[in-house]
Amino acid sequence: MIPLLSVERLVKHYAQGGAFARRGAVVKAVEDVSFTIAAGETLGLVGESGSGKTTVGRAVLRLELPTEGIVRFEGTDLATLSPAELRTLRRRMQIVFQDPFASLNPRRTVGASVAEGLEIHKMLPKREIPERVAELLEEVGLDAAYAHKYPHEFSGGQRQRIGIARALAVEPSFIVCDEPVSALDVSVQAQVLNLLLDLRDARNLSYLFIAHDVALVRQIAHRVAVMYLGTIVEIGPARTVIDAPKHPYTQALVSAVPQPDPTKGTARIVLAGDPPSPSNPPSGCPFVTRCFHPMKDSRCAAQRPSLRLVAGRDVACHYAD
Amino acid sequence: MTPLLEVANLNIFFPQASGESTVPVDDVSFTVAAGELVALVGESGCGKTLTGLALPRLLPRGAEMGARTVIRFRGTDLTSLSESELRTYRGRRIAMVFQDPMTSLNPVMRVGAQIAEAIHAHRKVSKRDARERVLALLTEVGIADPTSRIDAYPHQLSGGMRQRILIAMALAAEPDLLVADEPTTALDVTIQAQILELLDHLRATRKLAVLLITHDLGIVAGRADRVLVMYAGRIVESAKTARLFSHPAHPYTRGLFASIPRLDADTTRLTPIGGSVPRPADWPTGCRFHPRCGAAIAHCTTHRPPLEAAGPDQLAACWVTQGMTK
Amino acid sequence: MSRWMIRRIAEAVATTVVALLLLIVLLHLLPGDPLSALLGDRGADPAVRADLERCWSSHRNTWQSVTTYFGCLARGDLSYSLSKQEPVLQLIRERLGPTLLLGGLTLLIDFTIGLALGVWSALHPDTWRARLISATTIVGYTLPSFVVGMLLVWIFAIKLPWLPTGQLSEVTLPVDSGAWAVFADHIKHLILPLTAMVIATIAVPLRQQRTAAMTTAAAPWVLAARARGVRPFAVAWRHCWRPALTPIVTLLGLWVPMLVAGAVFVESVFSWPGMGSLLADATFARDVPVVVAAGFVVIVVVQIGSLLADALYHIVDPAQRST
Amino acid sequence: MKSQRGWGILLLGLLVLLAVIGPWVAPDWHAMSDALTDALLPPSRAHWFGTDQLRRDVFARLAYGARVSLVVATIAVTVAAILGTMIGLAAGTAVGWIGATVQRCINVGLALPRVIVLLVVLAAVGLLSPVALGIILGGTGWPAVARLVRGEALRLREAPFVVAAHALGATPGRVVWREILPGTMPAVLVATTLGLADAILLEAGLSFIGVGVKAPIPSWGGMILEAREQLTNAPWLLIAPCLALGLATSAATLLGEALRTSLQPDTR
């Protein structure tokens, strides 16, 4: 069966500075990332800032051109599409952003923002649009009358719902959720998370769910990919990976999640130092500079480990078992 | 035992031209004992940051404190002190660490000089001694290679290192109380773990009292001695940490726990609190949580619940937990 | 640093050349033939015409005219003034000094007193003094420099005849006057034009500095400094003023070109023998060779000014310095 | 801030009023009185602001000058706003070398002192009609607008709501037209209002040095130039045009500053 989305050996490098800049450092944001997402499946993409997870999300939608690699949506290589064909395909793949304040045009009404996709793809006759917008607003748990208001009249959680309604308008089958709840208050996060779950079930949606919070991803994702310095270090079923991580970085990441339970005094792994700069990554294993694995040796510094199957998930570590 | 810090009836309000004023912090009272770690937990806009700023009286322009407010530090009421007297408390007795390490450091000043400033502000020391002292502080907060970092500018350091610098700066004048306002929120999880470990270590070695202001119940667990839960400008629950996590009394506290994804959860769905956090300008009457509360009764909409015992070492401001029924 | 400097200088040279190129092309795009238009009835003298044709031509195409003029420039030949009957280079040599003196002093005052007042009013926003400063700068900003100059002349030279109305020095000053007398005479002539220039230009740096200082005064690091007990003066100096200097210096480069307009009009009011009044007079006389050459020199001076501003920016901003 | 805007609108309204009906109310602006004694009269009931050395009514010239000033400045800011917005948008939204090249052009435009370009053009073509002068002023005023628009466009280009429009399948043209351009408009409006003051000042300045509006059309700058000759014996000639100029520029500045404050996003 063809997966809904497949990403093969995705690479994204940025030149630092503008078009006329002198030859400068190259930021290696994404290095050789591959994964697939099936229809109705949610893949969680976890990593810290600078790990390249947002870049992967944008490159998958071709909002940024990959340096190398192939992104296939329903079997079609996106790179082979003309700009017009790509725009047509955009109906099928959408994005929800992190910042609920910047993700809506402050000068347009909520209704106009939600209707934008309907207009672009001429999905409905003009006079039927307001009715559809009202339905969409109600589907995400908002009052239909809000269509005439402006974004600044809403709270963060409400704005995030509006952003979701805008994405749903074009009836996509796949949505990139780029940290959709991390800017929200704790008590509101759960509301939006539940909404995304309900929509997934009702519309058989697939998500690429980008987040830095492992516990959150465990809650919503079927499978999880852990990124470090532009590469996937561990990928597999969400609970398998998070409940018993095999890559040292995943182990540290999971153990660092603050858990609201004082009785569970698990041993914390505190990594030393900062992640290296993506413009100057270490040769060999990207995690070698902070790795605490007892068997770490010169091979780790010299040779980049590739993903291999260990205990039901793929791990990029020479010594994981 | 007299507490190190005693805050009573803290009221902070912004007088408006129209005569009415918003009251982002409303009648907050608590104490911090020497060496104790008290956590002040709440969501954005609940008044927890203003409460922290009020302690060394660093409120923003336009904010005023109520006449009944008492902030007693080691027996001295800080509300009665002049600006220059306060300066001998700021940094020296009560030090602060802020949320954003990117903007809390002066970008055009070397980090060593900024730490030394905190030493010079309170002691007469020679430049050389101050530099020695700064180097020792940098070592203490875990900065590798302090001799090369002391002359760095903030932009040359990572977020985690800048937060260490801010902590070194706070420790420079040997304070008794550290007010840490969301000290790890802007940091990545693995760096957050480093900073929390550092705070634990410093507290143990220096016998430092800490008021930890945060929205994250996760970092409070297993770290704080006591927890104060704030909602809409008021303290709604206060308890020993273990008690709060095992038996949360206030519906808001319970709602918060149910909203947090946990690593050991079996279900996929969370149980959120409905509605959204109100803004200070439109805070509800009575119990301010009542519009979002599943247990609310008619009495809650009109009468403000007092903070009363709800269990051992536990206070909660809720009519329902206090035995009132429909 | 040095690599950056070389790049920046190359950029300034390129900008200057392109700017001059644009001016010359613009001249050729305008209706009419520049040479015969500017010669008018003065074109009778074949010697003058020949002198002019070295650099200006009526019968060549745009590209040839550009190369001809740039060739002249390369030889250090700025052509011949029709109205003053003098080589342009000679004129500019005489006029550059007074302009640099007036402009430089204006810049100096704007960027010392102006910045100091800006910071002061940022730190004391609700006082009557700050409001007075603010009101005065609005008046200075909105009144044209030449109006300010005229009013000054009317008050201090005509109603109260304390100061001379213009020129660089008194023609009646005895030739054998001592150095001190000559100096005092220069100062007396400088006061009114300088005052007019400062009043007309100080508002921009002052207001920008005030805005910048108000922004930094609200910065978290200022709160952090107060929280560690730093003295108010040190907070104002090290944590408000120093960081607020960076955005000001970036604006300095943009601001120098604006000074030119002030110079043209103020110098005209006071018959100050500088580049500004030279440009104004030459334009009035439609003396194109002088206007283009003087304009070119002004552009070069402005470019040098921006260059220095950028270098200064690199010095005050550590984030720039390390790249 | 409200009061600032109010004052700005009031003053500007007064000037427009002066420009529209002033020349109807006042005597003919170029009529010279026959009586030789009518030269350089101080203000009186018959001549509100006195008469000049050519025995013309100063109020009439002032009112007609307002027309000239406003026409020149309005044309100038309109031309500058349109050119600046187009060029700034191109620099801010075009990718790769095109955007970078347009940006270089803006930088050259900014480095060229506006007055120098104007003087070169005026030296070549001589005195101009108000409309032509306005167009030329506008043609030199665009770089400041373009710089602002480019900055706004660069900022907006990265804004999530613009990325969202791309993701919805909007064409690049639609994104620029519907999402980016409206976002730059407040900045353009502020720059245009402030630019009005600059244009009024420049026109007056050029007329003051005798290279602006074609004589004998009255212009405030030209009137100040004429007043300069009579400074010792008829100082009132100076007051009226200076006052008018000051009012015009402060009206535009007040309005611009008020707009800047009220249109700043996120302060609402």
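Order as written gives the chain letters A, B, C and D; numbering starts at 1 within each chain.
In this text, a contact is a pair of C-beta atoms (placed from the backbone, for glycine too) under 8 Å apart; a residue touches a chain by one contact, two chains touch by 3 or more.
Fair warning: this is a prediction, and the values are worked out from it, not measured in the lab.
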Third chains touching both chain D and chain A: none
Pair sharing more residue contacts (C-beta pairs) when B-C is set against C-D: C-D
For chain B paired with chain C, centre-to-centre distance based on mean C-alpha positions, whole Å: 53
Mean-CA-position distance for chain D and chain C (Å): 21
Category of the chain touch graph - line, ring, star, complete, other: ring
Full enumeration of touching chain pairs: A-B, A-D, B-C, C-D
Interface residues, chain A side, partner chain B - complex: 48-49, 155-158, 185-191, 193-194, 197, 212-216, 218-220, 242-243, 252-265, 268, 270-275
Parts of chain B lying in touch with chain C, wherever the complex brings them together: 53, 56, 58, 83, 87-92, 95-96, 98, 100, 103-109, 114, 117-118, 121-122, 153, 155-156, 166, 169-170, 172-173
Complex contact set, residues of chain C against chain D: 15-16, 18-19, 22-23, 26-27, 30-32, 34, 37-38, 138-139, 141-147, 150-151, 153-154, 158, 254, 257-258, 260-261, 264-265, 268-269, 279-280, 282-284, 286-288, 291-292, 295, 298-299, 302-303, 306
List of chain B residues in touch with chain A within their complex: 43-44, 144, 158, 160-161, 188-194, 196-197, 215-222, 241-242, 245-246, 255-265, 268-274, 276-277, 292
Parts of chain C lying in touch with chain B, wherever the complex brings them together: 219-221, 223-232, 234, 238-239, 242-243, 245-246, 316-319, 322
